[in-house]
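Okay, structure first, notes after.
Chain lettering (A, B, C and D) follows the sequence in which the chains are written, and residue indices restart at 1 in each chain.
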Amino acid sequence: MSIQQTTIQALGELFSDQASAENGAEKEAETGGEVDKSDQPRQNGIIEQDYRTKGFHLDVKISADQLVRASQILFELGYFLESITGVDWIKEEQLETDYDFSRYDFDLCRVVIRVRTPRTDPHLPTITTVYTGANWHEREAHDFFGIIFDGHPHLIPLLLPEDADFHPLLKDFKA
Amino acid sequence: MGGYFSDLFSGTKSLLDGMWVTLKEFPKRPVTLSYPHESLKMYARYRGHIELIGDEENKPNCVVCGMCERACPSGCIHLAGEKPEGGKKKVLTSYTLDFTTCSLCGSCVESCNFDAIRFSNEYNLASTRKEDFIIDLLKRLEEQDK
Amino acid sequence: MSQPIELQKDETFVLNVGPQHPATHGVLRVKMTMDGEYIYKAETVLGYIHRMHEKMAENRTYPQYMPNMGRLDYLSAMAFNHGYALVVERACGIEVPERAEYIRVITVELNRISSHLVWLGAYVLDLGGFTPLMYCFDDREQILDLLESVTGSRLTYCYFRFGGLYNDIDDEFITGTRAFIIRMRKELKMYAKLVTGNIILMKRLQGHGIIDKDMCQRYGATGPVARGSGLNYDVRKNEPYSVYPELDFDIPVNDGCDSYARYLVRMEEMEQSLRIIEQALDKLPEGPVNPEKKPKLIKPPSGDYYAAVETARGNFGIRLVSDGGKNAYRLKLRSPTYSNMHLFDEACRGMLLADALAFMGSLDLVIPEMDR
Amino acid sequence: MSLTLLNVVLAVFIAICFVGANAAYLVWCERKGAGFYQRRPGPMENGWWGLLQPPIDGVKLMTKQLLIPGGVDKAIFMVAPVLAMFPALISFVTIPFSDNIVAHPIDVGVLVIFAFAALGGMSLLVAGWGSRNKYSMISSVRAVSQTVAYEIPLLITTITIVMISGSLNLGDIVQQQLDGFLSWNVWPLHKEVGFNLLMPVSFLILFVCSVAETNRAPFDLGEAESELVAGFHTEYSSMGFGLFFMGEYANIVIGSCLITILFLGGWSCPFGDLGIFPFTHNVGWFLLKIYLIIFVFIWIRWTFPRTTIYGLLNLSWKYLIPISLFNLLLTAGLLKVF
């Protein structure tokens, strides 16, 4: 079984109560982009992406409370955390946080985990308990987007000045 | 204890090896240039700041399309032109390069379809005044061929 | 800072290493809580040259953002340009001519050697040896001359274009590169004698700065740091891009986990890069260096794209979120040293100051890339 | 009596001049040497081959402002550079440059030199402590443990020489090595001891120790510029720094003088007394020998990376001290036998 299938199966535990998980994952056509975001919000679940056009294999959307569990699953499967970043979807009043995972071995599989939080009150659990290296990435996301990682040991500005109270990567930020 | 003397000898040998390497360098000629007295020739593709290309009469080739101005990532090119009475083509009246923000990326030269700008070979740019880096390229072109 | 700040013991004092310190090579600051000369805790303070490159991407068109990539990592600017070109090409579906791919590989590998040479010189300088720095810079100068003759620039090349290159290489470059390979092989033997085998250096590096596989995974360390911990991970092999699959080269891996292992990995990598360049020069096909159909305006279709390349310091990833416009909606730069430096705090506890700085040097930090 | 005093004063004055000129031009030599080892020419701009660089540097140092950091103990801060320079100067009094050029031949010359060399370590302690700077503090702690570690093998090795020569007088020690270079103490052949295989080893030990004593690379832990910025002299500017600098170079000269006298036959001609003017025993040979040793010092400095404090202590306590002790025992045994 390829690592991609193993990962889908392992992550499937998160969606056991949802229809999409019963089939393992919903598959997309090779050419397919994402579900048009403006019309209907994407459901939580796993999408297999075409690596050649997208650059990653699995696109997982989960809710905030599943985050720690999901990262635990990936940690146990031997994934390492590449980066944590935000995307400000200002039209939908939502902040997306993307977690990029990759592997050290030759079973190539890049996993992206997306979590969406309301823009006004972005709270996420920290995954520093699983990936120690998430510390700086979360601090950076906090700097740039104002996402608050609950339980983070040291959530102070990292790249911005110590007294920064602005979040420059928000779309409504004007310098 | 077995490693005691072998450590001592291999260590000393490695030190002597290193000293032999530097000693061999000692009598060699220096590879550096004493810069203000001698200097290198710049490569043909060297990317200095931009300059205008003139035709035989030393008039700029520029047709004031403004592509370079738009291509510039840091907005350091400002040009203006006007249509002379009776003339068809626009004539360049001013072309200033704000070299303080220029990152020498060359996007402007690439975007030019009229062979009007190129890179100069200027590398001796140093000054204590900011104004020295706001370069009037039109004036530069006029002075160049005199 | 993996644990909350504890109350300081009475015997400790805080030593500010940086923002201006000879061993931090740039404006990095490490607040070290010291117990005598032993490090009790080290908190890294970043952001002294933070320039918000990611926001700049949102305000510039795709071609306009290309020069920015060279400003991230001034030592291996070519690889960063490559990563950015890859992600945009992937997003827009631009095909790159084969000759351009080979030239990209040649220039990136040359740049990798030059980056490793700066690391080697600066690292030995950190350890107190001055002379290797000058030899390294002499060799690096040869590479810079070669690259300047092609790209017109010595440091921030901005040589790649979407789908191709800024311009083609000439015969002079090819003969120059071949001559350089011969010279560099000789010089590498010299470095092995002068630096690698030196007992003082070995005693300082062996057994210090231990990073094990688990720590690599928890922090996401990549590049020579991961390879020095026995992880066979190199984007060029694990996730082949460009024409790397057609070239025969090895990924040096060392199980030592210490500073010396990372040192050896980098030294070996230079030799492998020479091998790659040699093969690429042999295989270099004729043809154009830019695609025939090049889109006038770069507008990737909306969606997420990811591309990763192996820079001299590790895995550099770019996440591009496009909304179909001519500016990126969001561009995330995942820089390798950011993750590599993060494990410094955990790994350096209990070390002597001198060893910790030797360890920091073995991570090969480039501060502008960390701060972005 | 008063003539002796005058003699000493004159000698100190000459020593100051000698040390000053040496310090200045050793810096030039060091920079030139560094340049040649590093594929570059070194200072070239001031004067022919940069020969005017040292006086210009001196003028620069003297005209700069002497900054005293806030909150330091001023007396201690100011006395440290003097402490670095003074013992080095005094040591010159007893060094015989030739059989008649010696300021004041003291019968316990070896002891005098070591006594003042130990003071040099103290200047680092005082400077580091008085600077009120954490880097300087660490540096001074390092410097003290370094001095302690290297005084011991240095002294033990010297005792072997003293045993062979039967004298603590530097001049007398040289007098016994005048029969060509085979009679020098560095060789295992010796007319009294017979065959002491460890003599070259003790020469090496003395050499390593004097590198360590002078705080030079690879043992420059006191100033370790990539770790401790500049160590004990981080806070010193102007002539405060200048004195440390000169003290360091004076120490190098003393170290090489000591090596030359103890092991390389001092002012003796390597071919024995030939009686022809340029080749006979004279001060020229002495200077040639000390500058050769200084050349090796420079060579070593620009080749090796720095050790760490534990590496240095390991070298001293694990290798140098046992070997020098063994050497002492062997020499004593051989002396007893023959």
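As a working rule, a contact is a pair of C-beta atoms (placed from the backbone, for glycine too) under 8 Å apart; a residue touches a chain by one contact, two chains touch by 3 or more.
If you're wondering where the values come from, they're calculated on a predicted model, not measured in any experiment.
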Fewest hops from subunit A to subunit B - one hop per pair of touching chains | 2
Pair with more cross-chain C-beta pairs in contact, given A-C and B-D | A-C
When centres are defined as mean Cα positions, the distance from subunit A to subunit C in whole Å is 26
Averaging only over C-alpha atoms, locate the centres of subunit A and subunit D and give their separation in whole Å.
-> 64
Note: subunit D sits from subunit B at a C-alpha centroid distance in Å of 50
What whole-number Å value describes the gap between the mean CA coordinates of subunit C and subunit D?
-> 44
Spell out, as numbers or ranges, the residues of subunit D touching 2 or more other chains.
-> 37-40, 302-304
Subunit C residues counted as touching two or more neighbouring chains = 131, 135, 138, 194-195, 198, 200
Inter-chain touches occur between A-C, B-C, B-D, C-D
In their complex, what parts of subunit D are in touch with subunit B?
-> 35-41, 44, 299-300, 302-304, 318-319
Can you name the residues of subunit C that touch subunit D in the complex?
-> 13, 15, 21-23, 36-37, 124-131, 134-135, 138, 194-195, 198, 200-201, 203-204, 352-355, 357
Given the complex with subunit C, which residues does subunit D contribute to the contact?
-> 34, 37-40, 134-135, 138, 141-142, 217-218, 220-221, 224-229, 302-311
The residues of subunit A that touch subunit C in their complex are 33-34, 52-56, 59, 75, 78-83, 85, 87-88, 98, 100, 102-106, 108, 110, 112, 128, 131-133, 135-136, 144, 153-154, 157-161, 168-169
Of subunit B, residues touching subunit D in the complex | 4, 8, 15, 18-19, 21-23, 25-28, 30-32, 34
